[in-house]
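I've put the structures underneath this note.
Here chain A shows up in two complexes: once beside chain B, once beside chain C.
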Partner chain A sequence: MRKRYLIPLIYIIFLMLPIYWLVNMSFKTTNEILGGFTLYPHQLTLSNYVTIFTDPSWYMGYVNSITYVVMNTVLSVLVALPAAYAFSRYRFLGDKHLFFWLLSNRMAPAAVFALPFLQLYSAVGLFDTHLAVALAHTLFNIPLAVWILEGFMSGVPKELDETAYVDGYPFWKFFIRIFIPTIAAGIGVAAFFCFMFSWVELLLAKTLTAVAAKPIAAAMTKTASTSGYELGLLAAAGVLTIVPGAFVIYFVRNYIAKGFALGRV
Partner chain B sequence: MTLELRNVAKRVGAQTHIHETNLVIAEGSFNILLGTTLSGKTTLMQLMAGIQKPSSGEVWFRGRNVTQMPVQKRNVSMVYQQFINYANLTVYENIASPLRLAKLPEAEVASRVNKAAELLRLVPMLQRRPHELSGGQQQRTAIARAIVKDSDLILLDEPLANLDYKLREELRDELPKLFAGRNAIVIYATTEPTEALLFGGNTATLHEGRVTQFGPTSQTYRRPRDLITAQVFSDPPINTAKVVKRDGEIVLSERIKWPAGKAGTAIPDGEYTLAIRPHHISPIDHGNGRAMVEGRVLVTELSGSESVIHFDLNGRTWVSQSHGIHPFEVGSTARLYVDVEQSLFFNAKRELVT
Partner chain C sequence: MNKTFDNRAWWLVVPVFLMVAFNALIPLMTVVNFSVQESFGDNVFFWSGVRWFEQVLNSERFHAALLRQIIFTALVLLIEVPLGLAIALAMPRKGPWVSVCLVLMALPLLIPWNVVGAMWNIFALPDIGFLGKLINSLGIHYNYTRQPLGAWFTTVLMDVWHWTSLVVLLCYAGLVSIPDAYYQAAKVDGARPWAVFRYIQLPKLKHVLTIAILLRFMDSFMIYTEVVVLTGGGPGNSTTFLSIDLVKMALGQFDLGPAAAMSIVYFLIILLASWLFYTLMMRNEAR
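Presenting the complex of A and B:
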């Protein structure tokens, strides 16, 4: 019977190994990391984390990232809600083509848009602002959110809308008081994916910022500083970058399962 | 003081969902829309409620043209086949929602909700959410929401179709009581002829977007104006055959014929479509002028106290529905007795003659 657990165990070890190694490194000094192979920190140190939480050039990276990610998530979901409602409830000329075209926006690599965005945002004075990154990411996230939300909305019978109108709800009152709570799970899933894509996207975020809105992922690419290689510090930054994602996943895991069950996501 | 549809039609693209319809429905009446799936029952109801606008024609209510009036401004309620409730609200708030939108004082809301909840036996569930209720209770909640606000027009679109047998019977008994003593017009859509007969009231038969007949239920059933109405309003399907009336006889074929009887004597000689309901054909000869036919048995459905026998008569499948258990072997020849006095005759235009 023992054998049954062997293969999953090996699989999990392989999965967890890089993460373990990252956490392991983050508690070591750079000397220990470069000095040799150690399975656990022999000289346990928190100095890497202390540096990150005290040095503005580090922690502002997180603040910047979270700022534009939250802006982007809110913006994407707010814009996607009415669009998804229209796709789910109305038939109009070219609706299916438009829906597909929206989705096809996700198929182009971000690099394609880096140059036009950089030029455009510089011209209108948005360069190096949180809004610039948030707006750039909506290009990918709004189609995704529309697509996810449309699936959830189409799962709600249109008779619900009609019942509400019959009961006397004006459209907006129905939409906000009844419809949005009904598809709360879908909004959760859409927001989660917007958050995730925006959080891990590096190219646009790096291209469109310089100092004021520099994301953490960009800060992490400065591997060498005046004091030489700071591998421990980078590992600690990496660990802290995983945390928000893991945190969000923990809260929406049930909704995501539901999203899979509905055939979207 | 009525609801009137004047030449109302609904077209979507090239398709006609509802052909020009004229209906006058009296206040305080119970009306049934009877038709198969996709016959246009739901569309017709939505046109009455104002959820959809007619492509042409007008809707009048109490002497006012309400064609362009949005549904929110009309005093209607609707119950669907699916159990539609507001998932994020408690049962109490679900029932209260039309009253809150009408901005009634809190005390009035509470008393009305409690009254409706009592009628529909929902009092212990008031603080629960719809998904915590059984199907029957969910539909009761929807019905409570429909009756709580004293609507002028209550639309019930196959409200019992998704309930199991027991609950359906229970609610079917309760429904007419809920509407008794109200001034509201009640419209009840169903696919089941039996349900229409149980409710009584008036029945409009619908076929492919056309109201074929509207009148008191028993009259629509007994004297269908045309063959389509007779077919829509019969379960199991009504038996039909091409017949010729000549020399005081109804002739199906050289072998199958019977004396015209009272029903057949009144009509002139010629070709007709004969229609006869399944329960007027029985394996037992009850006398009084029944005609005996012989047919090859195709299927026998035996329920506890009833036999439904499908048999081949002159190349057509006919059905007999009778009391008692009559276990005919499939493939055997059955002798069945047709109560020919119950025959309906339709002319070439498929209209009822006599």
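Presenting the complex of A and C:
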């Protein structure tokens, strides 16, 4: 019986190894990295992290990334909520086609849209703003949020709505006061996925920004090419991009297990 | 659930419709525009009909990239789906270890894609990377920057590392939602573990497995950033998948016409495959 836990254990070790290697390198000096193969840092140094936290061109990257990711998450979930409600409760003209069309945007390769997006957002004057990236990411996050929320909402019996209307609640009051708290877990799961896909996507984020809204991971590629081979610095920046994700997972861990089970996802 | 027919529900969908339309339709029209026109610069365009489409569909370069893409996606699906299912089945259902497992397993999913590429780039280097050193010390000559086979191995392994957890999380959620009564009934009937899996767990997991396969198909077919950072599409063209080829064509050589035609073909392939799979699964479910 106990033996079967070996499978997840081995899997987790496999997952952690590359991450450990990155953390390991981030505490090494460039000399030690290039000098040879060591399993742990022999000359422990924090200088890589110090550079990142004192140089604005580094730490502003984090601020930029987090800004547009949060904007995108809030925006996606807010507009997806009423739409998901419509899909889960009503039939209307063209509903099925609309739903598939929405999902089809999840299948559009970012490489296809990179150049047209650049033209579009330059034309409307949003190039190099956080809003541009946040809006561009709604292309795949809104469909996903609608899909997830619709699943959760369909799990709530319709009698809840009907009772509220009989009691004289107007639609918006019912929606905000009663319905949204009921599907809080679903909102958590949807927000988690929006955060995740916006945080990890870079092709569009990089295309749509130059200086003012440059995401952190794009700052990494720049350093790699211009200032030679500063592997330690790169590793430290990489480690720091894992941290926000780890926080978010930690906070929603119970929602993930429960939330997945409740919804249709 | 029986839904009421009410066209006023459209009002609730309008914000989503407008935002997605702005982001999807305008760029799509730009791509369509490019794909049927010829340009000699200076924003002067000529109608060129379906010439770019003929050129792309007949070019060996496109065939080669498509073939590599299909092999990659097939490999990735064949490894990740069974592996993810097996791990989800073996995971504990209750107790403090559940959270620990979930948090650790979800971690790769939240790492920016180019960091994933950079991480594996370093991890697999034969001189200073753990994986490269390990494989070479086993007596196998391995250098993914030189050997096409090594590059493929590293790319597939990276994708397995990156995305298997998504399958695990989805399957695990599906497993948790199976009521205990089912298992008790199976116990009373004296069902073997295989029978429990085949007749209780697998049917109940069909929905989440459909989602997992669909998501993995779409995302692996669109893979770009990780591979560019890891191998740059090389050595040679051995790991140049469709997206990478497309970006090389559009931004590297600025062949906008052929690149746009290829974009449309590419998008249609994903759309068609997803639609076919989705319809088939839904038909089976209805039966």
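Operating definition for what follows: the second predicted complex is superposed on the first by the 243 of 265 C-alpha atoms of A that agree within 3 Å, B and C clash if a C-alpha of one lies under 4 Å from a C-alpha of the other, contacts with A are read in each partner's own complex, and residues count from 1 in each chain.
Convention: a residue touches a chain if its C-beta (ideal position, glycine included) is under 8 Å from a C-beta of that chain, and two chains touch if they have at least 3 such contacts.
The structure displayed is predicted, hence computed values, not measured ones.
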Original post:
With both structures lined up on chain A, is it a clash or a fit for chain B and chain C?
Top reply: fit
Original post:
Is A:Leu202 touching the first partner chain B, the second partner chain C, both, or neither of them?
Top reply: second
**OP:** Determine, for the superposed model, which of the two partners chain B and chain C contacts more residues of chain A.
**Re:** C
Original post:
Which partner does A:His97 reach: the first (chain B), the second (chain C), both, or neither?
Top reply: neither
**OP:** Once the structures are superposed on A, label A:Asp167 by its partner contacts, choosing first (chain B), second (chain C), both or neither.
**Re:** first
Original post:
Is A:Glu159 in contact with chain B, with chain C, with both, or with neither (first, second, both, neither)?
Top reply: first
Original post:
Taking the superposition as given, does A:Arg2 touch the first partner, chain B, the second, chain C, both, or neither?
Top reply: neither
Subject >> Lowest C-alpha to C-alpha distance for chain C against chain B (Å) >> reply: 8
Subject >> chain B partner contacts - residues on chain A that touch it in the complex >> reply: 157, 159-160, 162-170, 173, 178, 181-182, 184
Original post:
Within the complex, which stretch of chain B touches chain A?
Top reply: 46, 49, 51, 70-72, 76-78, 80, 82, 84, 86-89, 97-98, 101-102, 142, 145, 149
Original post:
Of all residues in chain A, which touch chain C in the complex?
Top reply: 4-8, 11-12, 14-19, 21-22, 25, 33-34, 36-37, 39, 79-80, 82-83, 85-93, 95, 98, 100, 102, 104-117, 119-120, 135-136, 138-139, 142-143, 146, 154, 158, 196, 199-203, 215-217, 220-221, 224, 231, 234-235, 238, 241-242, 244-246, 248-250, 253-254, 256-257, 259-262, 264-265
Original post:
Which chain C residues qualify as touching chain A in the complex?
Top reply: 1, 3-10, 12-13, 15-17, 19-20, 22-24, 26-28, 30-31, 86-87, 90-92, 98-99, 101-115, 118-120, 122-123, 127-131, 133, 161, 164-165, 168-170, 172-174, 176-177, 207-208, 211, 218, 221-222, 224-225, 229, 242-244, 246-247, 250-251, 256, 263, 266-267, 270-271, 274-275
